Amino acid sequence: MSKVQNNKAWWLVLPVFLLVAFSAIIPMMTVVNYSVQDIFDQSSRYFVGADWFRQVLQDPRLHDSLLRQFIYSGCVLLIEIPLGIAIALTMPTKGRWSSLCLIVMTIPLLIPFNVVGTIWQIFGRGDIGLLGWILNDVLGISYNYAANASDAWVTVLVIDVWHWTSLVALLCYSGLRAIPDVYYQAARIDRASNWAVFRHIQLPKMKSVLLIAVMLRFMDSFMIYTEPFVLTGGGPGNSTTFLSQTLTTMALGQFDLGPAAAFSLVYFLIILLVSWVFYTAMTHSEKN
Amino acid sequence: MNKREKVSFKKLIPLWIYLLFLLVPIYWLINMSFKTNTEILGGLTLFPRDFTLANYKVIFTDESWYSGYINSLYYVCLNMVISLSVALPAAYAFSRYRFLGDKHLFFWLLTNRMAPPAVFLLPFFQLYSSIGLFDTHIAVALAHCLFNVPLAVWILEGFMSGVPKEIDETAYIDGYSFPKFFGKIFIPLIGSGIGVTAFFCFMFSWVELLLARTLTSVNAKPIAAVMTRTVSASGIDWGVLAAAGVLTILPGMLVIWFVRNHVVKGFALGRV
Amino acid sequence: MAEIRLQQLAHSYSAHPSGPEDYAIREMTHIWEQGGAYALLGPSGCGKSTLLNIISGLLSPSEGKVMFDETVVNDMSPEERNIAQVFQFPVVYDTMTVYDNLAFPLRNQGMPEAKVKIKVHEIADVLDLQPLLKKKAKGLTADEKQKVSMGRGLVRDDVSAILFDEPLTVIDPHLKWKLRRKLKQIHEQFNITMVYVTHDQLEASTFADKIAVMYGGQIVQFGTPRELFEKPHHTFVGYFIGSPGMNLIEVKPEVGGVGFGDIHLPLSDALQQRLAATQWSTLKVGIRPEFVHVWDGPVDDAMQAEVTYVEDLGTYKILTLNLAGQLLKVRMQEDKPVPQGQAWISFPAQWLMLYADEFLLEAATQPVPAGEVPHE
Amino acid sequence: MSLTLEHVSRAVDGQIWIDDASLSFEPGSFNVLLGRTLSGKTSLMRLMAGLDKPDSGRVLMNGKDVTHVAVRHRNVSMVYQQFINYPSMTVYDNIASPLRQAKMSKEEIDRRVRETAKMLRIEKFLPRYPLELSGGQQQRTAMARALVKDAELILFDEPLVNLDYKLREELRQEMRQLFETRNTIAIYATTEPNEALALGGTTTILHEGRLIQSGRTPEVYHQPKTVLAAELFSEPPINLMPGRIEGNEVSFANFAHFPLNVDLRRIGDGDYRFGVRPSHLSLVPSNDDDLELAVTVELAEISGSETFLHVRNEHFSLVLHLPGVHEYDVDTPIRVYIPTHKLFVFDQQGGLIQAPGLRMARVA
């Protein structure tokens, strides 16, 4: 559909622009402002240039949580994307079952982050939780997310899978539904194997929704804060302390405004950069 | 009729397992919310032996508990209304016209979805304090617009592009003014899109805690923040915590129920 | 390679059909011979897509048998039947090159790569796809894509029939006739049964040696384009084939023939006998606009009609005449003088058709083959 | 009510869509815009309707400049190629919607809706929703909405192209009848020359945004000013052959020679392009001055009651438009006849030099 050039359309966009500008530009300017100043109180502040950035970039806390964050987000993508695709492929396309599936799958998406944390906090405990009880008492696997760092880490990952795989699956399902039936018929006539159908019909047609799914899951997992906070408070040790928590501690807990602001900007830029890499990588392969 | 369409139960087993995986933790929460604390701590039971509504009674009789729900619902609905009402005209502009800087604007809107809420905690706190909005529902609703408005614009734009622009022109030819056309003809056409958008706005606003907690203290305190109170010196009141958790899931279930057809259609149209 | 035989075939989408109106396909027996070029022609909703899906194996008929040569294939899938199908909208594998697209069905059969190469190049030659072999299928134009879809069907040696489902819908009008020519050439070159489903008389008559016209779930006539034009076996064929379609007038039997208003149309003795021996509830005569004879002036035995409209189509004209209250269309060549106000016309006996309950009634000497025109 | 376009032009993204078009339409006339896809038909109609503004030039209605009047303040209607109705309203409400916007009384609306629905034979479907109807019925609904408000200008943008041919025949005939008694300007865009002929009135040929020729339909058809006009207003396209007149002889592509006949005698020697309409070619000689050519069949396209025979020899290819069914296999050698008194002659630049004289025949 050809769009018409019409600069008056700005009037329609203006409310959105003003609203988002109010919520994004002013705070962002504050952050930038803080990141280059040393502030004691309202009257005494000094320009420090890139000092805070230098300090933050050399801070081992950042390195630690950044590394943990990347491993975590990587795992999230590696598990949720294939799993989501697989679920979307098995979902029935018609009838009551498909509506039921869709509705059940949306339930976890609508639970507040901290309640998700609470559910698993309860579910995983050895004394009162079904999961903890089955693992410890029935299967004899020692499991305690509050004491064991790797247990805690895996639990946070499972929570994310539980919480968000449905979103990936629903997006993929939506992409799959957009494929006309004749493609499947043609493939059957060509005697294509299931794998070939997936590789040459379903995957190419799902590409644009997959891009969205990957970006969303990357961004959101990279910003994860509430679930590990509720479950373990970032522990044991620092095993589940991710970037957002490090930042929050810095800004609200220790009130290190300057470094926290610099940290914020670095954090934001990393997300932008990685998203851009994903975006170009996935759209570039299409051009060739 | 069609061999391919026939749903074989065997093929769906992995799917059932996945759905079970989704539902069991929730069931466990519901199960626990109907137990007394003695039963909870006294050993594992797959369903409440000693069925009680006492935990719910605690919540419904204590104002600080139920006002938490009202606060959350209030700012979520407020956010939904604001997001939809500003996103509808903007999405229309993006779907129908080219204008100066449209691509950049769209991209910039989407980058806001990439900004971690943690980054905005402090500036938001200061901003809303300075204009006297701290601890109000509107503050949280506005803050949530940061990520909901771009999303709403993006989803609605997809739905609107599916409506041929000849419909718009026919309406103008018939003598409709723009607002009249928009309200009477266009909005009913993208009903599913609005349903799906409302669903997503609700979802992201309802589940968010970090900003909501930072921007409120008493008057607009969300339920999610109230829940942290169950941890007290005497330990955790598991039964009440579970009941409160169940109650936070309910509004979501209600929303799904109301927009289920739109959501199913929206997903099925391949346009979400 | 196979002969396709439909035996007492019927299909209903409802589980317990209660009457003929519940049937998408009414009982029919029909044979598509090995190596023929056929068309299945009908308006939307006539059941042609259902029939196509039954032949290809996407749908299993509720009654009767589908046979490929001597094998009953009712429960076989399309791949087991070795059917190839070209769809309305071109289906290509976007991510593959044209070469890989053409090679795809062969590789799925496990054919050695050297042989695949030979076959693909052979087909690419036929379809003029050689220069495109290395291109990604995604960037092709609609007609190139449609050729690739056809190629995937033709490249296989084991195909028993190729089905075309409105394959030229998305093709640019001025390229259409070239693709039609290509299809004809392909049919001559490969000895494969081809069935072409369409609602367009031009597509059907151009491609097919024989056309099955479908109407209301039945094949009402199976014949060459000439037969459909000159001797429609059903009033629907008369109406549907030709633009404008056949003139159809309801008549009453009279002594020595039939008539309407004050018009009397004589019939041959043989036909009169046939009519007398037939049970019917409606009787119609039909004559094509091309065959109505227009006299230059008043002539004895000619019928007088009023000219109500003249449509000038450049090199010929379509006249609308009022004959005893019935409107008739008449086609006149450019060179013939156009009658003003009144026209004198006659219906040559050889082109005047008689229809009892919509089916053609012919003199007893030429019985209608039973399988083609089932009487209700 | 009359409509006049004065030197209107429109370019989008540096591409010229309409190039200096001047046209005027009489009240109560039926006018066809003929041109291939993307020739500018739709763009021109959008300018007339006021959906787009021209970059230069003026649009006048009844002599009044309406170039900058918004579409909803003009009294126009439009029917599109796609079936455009409001899906959320019933057929009745669809048809009533322009009247409601005009603040008409309830009784008057009801009367007119029913009258228009009856005219278009959709009165049965009034309580239904458009998407429950067949394509033909949907387009009838759209046409009813366009007709109901007595617009001064009604634009049809290839309204029948998405319908099958029997429905097209039917609706085309009804349309002509609908407009016989109306005092509106009807403008109808089509890619099909035969549709232009069938609809009558005037025809304007468009090509690449330019007006090629305009006038009463039979005149434009029989007297095309240029090769381009002849090619565009002919389906199948007119057959063109390079040729030369030398002394008393004409030759085509240096191989088919025939004596100069009376009609061609006043043209001087030189190189020309000769055209002959597909329907003037025949398989049997009809006149002594026919030129016989040996050709091979490329394809016989049969459209039920007519045959388009594509043939070629080593010099050029021809299309014959024959009544009746003629079945030929590909590559069959046959003979075709060109009536030399029906030749169009164009100069090398494409301008018409001579059109075949029409024998105006009448019943005494």
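Order of writing sets the labels: A, B, C and D. Residues in every chain begin at 1.
The rule we apply is simple: contacts are C-beta pairs under 8 Å (C-beta built on N, C-alpha and C of every residue); 3 or more make two chains touch, one makes a residue touch a chain.
Because the structure is a prediction, the values reported are computed rather than measured.
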Just tell me the minimum hop count from chain B to chain D, counting one hop per pair of touching chains.
1
Of C-D and A-C, pair with higher C-beta contact tally
C-D
Averaging only over C-alpha atoms, locate the centres of chain B and chain C and give their separation in whole Å.
56
Per the centroid of Cα atoms for each chain, what is the distance between chain C and chain D, given in Å?
28
Where the CA atoms of chain A average out and where those of chain D average out, how many Å apart are those spots?
58
Would you please write down the residue numbers of chain C that are in contact with two or more other chains?
58, 77
What residues in chain B touch two or more of the other chains?
164
Going through chain D residue by residue, note those that touch at least 2 other chains and give them in order.
none
Considering the complex alone, what residue numbers of chain D touch chain C?
134, 164-166, 169, 191, 193-194, 197-198, 200, 218, 221-222, 277, 279-280, 298-306, 308, 310, 321, 323-325, 327, 329-330, 359, 361-364
Tell me, which parts of chain C touch chain A in their complex?
56, 58, 77-79, 83-85, 87-89, 91, 93-96, 104-105, 108-109, 149, 152-153
Please output the residues of chain B touching chain A within their complex, sorted ascending.
4-5, 7, 11-12, 14-15, 18-19, 21-26, 28-29, 32, 40-41, 44, 82, 85-87, 89-90, 92-94, 96-100, 102, 105, 109, 111-124, 126-127, 142-143, 145-146, 149-150, 153, 161, 164-165, 199, 202-203, 206-210, 214, 223-224, 227-228, 238, 241-242, 245, 248-249, 251-253, 255-257, 260, 263-264, 266-272
Inside the complex, what are the residues of chain B that reach chain D?
164, 166-167, 169-177, 185, 188-189
Residue ranges of chain A in contact with chain C within the complex
180, 182-183, 185-186, 188-193, 196, 200-201, 204
